[in-house]
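What follows is one structure encoded as structure tokens, with my remarks underneath.
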Amino acid sequence: MDYQKILNTINDELSYRDVTGKVASYIPELAKVDPRKFGMHVYRGDRQHYSFGDSEELFSIQSISKVFSLSMAMRLMGEDLWDRVDVEPSGDPFNSLSQLEYESGVPRNPFINAGALVISDILVDQLEDPKQELLDFVRKITEDNSIDFDLQIAASERSTGYRNVALVNYMKALGNIKCEVEPIIDFYFHLCSLAMSCKQLSKAFMIFANKGKILGTEEEILTPTTVKRINSLMQTCGFYDEAGEFSFEVGLPGKSGVGGGIVAIHPDQYSVAVWSPILNEKGNSELGMKALERLTTLTGLSVF
Amino acid sequence: MDYQKILNTINDELSYRDVTGKVASYIPELAKVDPRKFGMHVYRGDRQHYSFGDSEELFSIQSISKVFSLSMAMRLMGEDLWDRVDVEPSGDPFNSLSQLEYESGVPRNPFINAGALVISDILVDQLEDPKQELLDFVRKITEDNSIDFDLQIAASERSTGYRNVALVNYMKALGNIKCEVEPIIDFYFHLCSLAMSCKQLSKAFMIFANKGKILGTEEEILTPTTVKRINSLMQTCGFYDEAGEFSFEVGLPGKSGVGGGIVAIHPDQYSVAVWSPILNEKGNSELGMKALERLTTLTGLSVF
Amino acid sequence: MDYQKILNTINDELSYRDVTGKVASYIPELAKVDPRKFGMHVYRGDRQHYSFGDSEELFSIQSISKVFSLSMAMRLMGEDLWDRVDVEPSGDPFNSLSQLEYESGVPRNPFINAGALVISDILVDQLEDPKQELLDFVRKITEDNSIDFDLQIAASERSTGYRNVALVNYMKALGNIKCEVEPIIDFYFHLCSLAMSCKQLSKAFMIFANKGKILGTEEEILTPTTVKRINSLMQTCGFYDEAGEFSFEVGLPGKSGVGGGIVAIHPDQYSVAVWSPILNEKGNSELGMKALERLTTLTGLSVF
Amino acid sequence: MDYQKILNTINDELSYRDVTGKVASYIPELAKVDPRKFGMHVYRGDRQHYSFGDSEELFSIQSISKVFSLSMAMRLMGEDLWDRVDVEPSGDPFNSLSQLEYESGVPRNPFINAGALVISDILVDQLEDPKQELLDFVRKITEDNSIDFDLQIAASERSTGYRNVALVNYMKALGNIKCEVEPIIDFYFHLCSLAMSCKQLSKAFMIFANKGKILGTEEEILTPTTVKRINSLMQTCGFYDEAGEFSFEVGLPGKSGVGGGIVAIHPDQYSVAVWSPILNEKGNSELGMKALERLTTLTGLSVF
């Protein structure tokens, strides 16, 4: 199958002019992004690359990075992690405090904000220099040492992120946070500020399409079981309260971020990243969702 | 791969003695079932059958039948159906009224009770004789005219099913129920009372592993898109609030019932049904979950 | 103090033209009421009567009648009643199912719908002919045998009251309803359909301002403790989720209904009823609230 | 009526040995209090004092002080205050975040923690030196300059008060907090740490029984309308989720604290404070509730 032709078709068919959502505006840095940006990159199991548009431009990957921190926490704790965070989809919006209130401080899954904050607590607790080790991890699996935080984004989120500070304090009151609040919040906002391109993201996520190994060197980063768990979580919980819709439209495990990025993987086949900053009302990239739907339709490859 | 050998291994490894859950007891008819029952049946894409144990004994399939009524409703309404019921996982237990209260009477998905009751309303509204047409549908896709309701089960559920009557009345108050309450409830309790064996279930669910066609005759019952939608829903919502766990452990779209049955499908590969009436605390067959986990591990076939 | 002069002042000051709410419309019979209706009646401890406007016209007292059924249930069960229904204000709107879900089917107080339905269950369970005995009770304390149900209202509520049917079924599922659903609902909708005038209501409620005795005959209908309990409940829970506002504005125990009636009592001083069918957004008579506020201000008598 | 005789009777009848609750233990300083402590003080409208037991011993008044901060905020803002906090009873426990989630950050009333934190925000925003001005206010109405914070209590609450920090951050995210988090929290924990005796409390609360004036000097501290509002709030919301029970048992406006203190007032008659550190399961002083119930029964004075 000619993937480049398929990507060209997608690029021809879809345009930011046809979508009606809005760029994220809760911090000024995100609101400034050009809404016309649109890029896509496929990294295939045979190490071929295919792309179009702004696929090499850096953007704020936001919640996509929660897959990286989860991977690191699973390497440290394995399945013991699930005493601190559950693995079930959340029926509530992504930052609900009510769910915590009724479930004793245990977040529904590691991709809602509360869950990602518990994961951050674990990394801050167990690592010497968690921010550096996060960078090391992402750089290693991407094989690209240029990846870094966007410190302006991190600072901006810090200055307005009262809801996340509330979540950490609340879970600490409920006994599910070990460290002090400040370093957890600092780590979390840096985590969300990672700047990457579609090309870099598709390389990084190839480990989830390649049973945990870096494609090429075949160095094992995660065990096959860990990869299965994370893929399963991306399938059921990767899209806020639009997981069901994404599962149907695209049919692949994936993760989105409010910066407008989405990554998805087809086991043994490919890893794909797409970026368009215009979000639908559920907070997922509107054009990105369409692009991935077209990809699985045109390749005939979904998990269903 | 020798599927019969794999099933034999599963049968050898697993026993009702090793599980600690309880048989469903909310109606006397279910509580009477012998907890030692255990059977499994695989129907493969090459029309081969493999099985062990009580795989041909009839049991109450309960919520598994919600996949049948959903299929019928999608044939009648297509994607318009989703104005009346959502497609997202529910973070709440399977019979929550609170979720309805906050979301204007639109159930989160067609597999929670509220959603299945809306589906029942649609069938009662649009079909001349919905109970007979349900039987006709199930008999057709199973190619077995002996399949029938268990009227004792239906009557028993009717006499204690106040919560479901509450749900219908509540959604009618909120404007999401068209018909009178009584015929909906009558249809719903008959639906849940269908008695089938593992063998019959695996035959019936083969349409979901075969792009909507009856294997052999290749008669199209559902469009490929409808099948993709239903498989996606089974993947994200098929197991009450244990969907995430099942997705990881088994990695296949599936549906469980409190009678202890579970069905799952691997697209293009096989359809499988397992039955053991002992339930874990989330209401899913404890031994059935383990058996399916062993199956995907031993065959190396999950969607992740 | 010249109460008639005070009432005249209130009548002069207030007009339906100055309020902005709407007449209840959930059943056609209530929507038909003339919004210009306005009447008030004070029955004083010295057996004097004062009134203005439409004070002798019958209207649908709706939830005000819950005080009558509660009184009857307390005569039958005393403080044992509080095992089945709580005595605390409800933070939720008056017909919330969520609260029941989290509190095991025990309604927060006897004036929210769920609570009044539990009270109805008790009366249906313990009385031979509950509807007749209710009429007997109200006629006796009002000393007026003409009081009756409005059967058109009762039938209309019955035909649209799905939410109340849902509540009864749900509480039955949770174990807090003894009788069959139908007779409870039938009693409840008759209860809400009682037609009374301001004059009749002020006479009936005099027992709560007179330590449980009929003023004049001094026959004891309720013990002083029961009266204290009911007055306390009217103070904290008598106005849906506007109890706090009424407590401040008026400072008297009282009860409102969506028919636009409000009754209130000042212990040892008087009983008062007011009627204007235009409701504010919380479902209480907008003009009635103002009239009572003026009454306590002009008489200088509130409990605070 | 001989109030001293009535107090002696109460002292004779009641003992810490007859109650089954527990001393508050969420901070070590409160847990250390001797559970046998028991004192009561009545300050009558004719300026007579009556007391028994440990009525002059200082204890941590905790939430009782929320009445002081509310009084100060009402002096600054009058009824405009109610744009920021509601006046209705809360059906939820005293520190619920869910309620805020559904009601856009506006707390149900100024006595739940969230409401008291909004009040604290107002004082921190509008006053030069809020902690000193609080002390000045309390000292003035008590006519006692010895009243002070217990700094050990304040520090201890600060070090464990994650839930309150969560509340402030959450309301700031929802737009209902103006100042920085830290000074609000600092003020709030000092507020809760005020140490007063029953005698001092009954003097301080006399302004609520004397139409807003200091008894004796008749200096007006609060307008009669403000006093009516605060008394009404104490009546409907002063006892966490036991407001209804207190309203019935005691029938007076009042306020409790987890230090085991309760104050109540009878307009124009008296102000009363009682202290016993053993709490019932709702967090109110078990012996204190009984003592006040006996007082209103023996004096025959409740508002109902």
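Note that the chains are named A, B, C and D in the order they appear, and that numbering of residues resets to 1 at the start of each chain.
Criterion: contacts are C-beta pairs under 8 Å (C-beta built on N, C-alpha and C of every residue); 3 or more make two chains touch, one makes a residue touch a chain.
Because the structure is predicted, anything quoted here is derived from the model rather than measured.
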Distance in touch steps, counted as few as possible, from chain B out to chain D: 2
Required steps from chain A to chain C (each step between touching chains, minimum): 2
Chain located farthest away, centre of chain A as origin (C-alpha): C
Distance between the centres, which are taken as Cα means, of chain B and chain A, whole angstrom: 32
Chain B and chain C: spacing of chain centres that average the CA atoms, whole Å: 48
Multi-chain contact sites of chain A, meaning residues that touch two or more partners: none
Contact pairs between chains, per stated definition: A-B, A-D, B-C, C-D
Residues of chain C that touch chain B when the two form their complex: 96-98, 100-101, 162-163, 165-170, 172-173, 181
Chain B partner contacts - residues on chain A that touch it in the complex: 86-92, 99, 108-109, 227-229, 231-233, 235-237, 241-245, 247-248, 251, 253, 267, 302-304
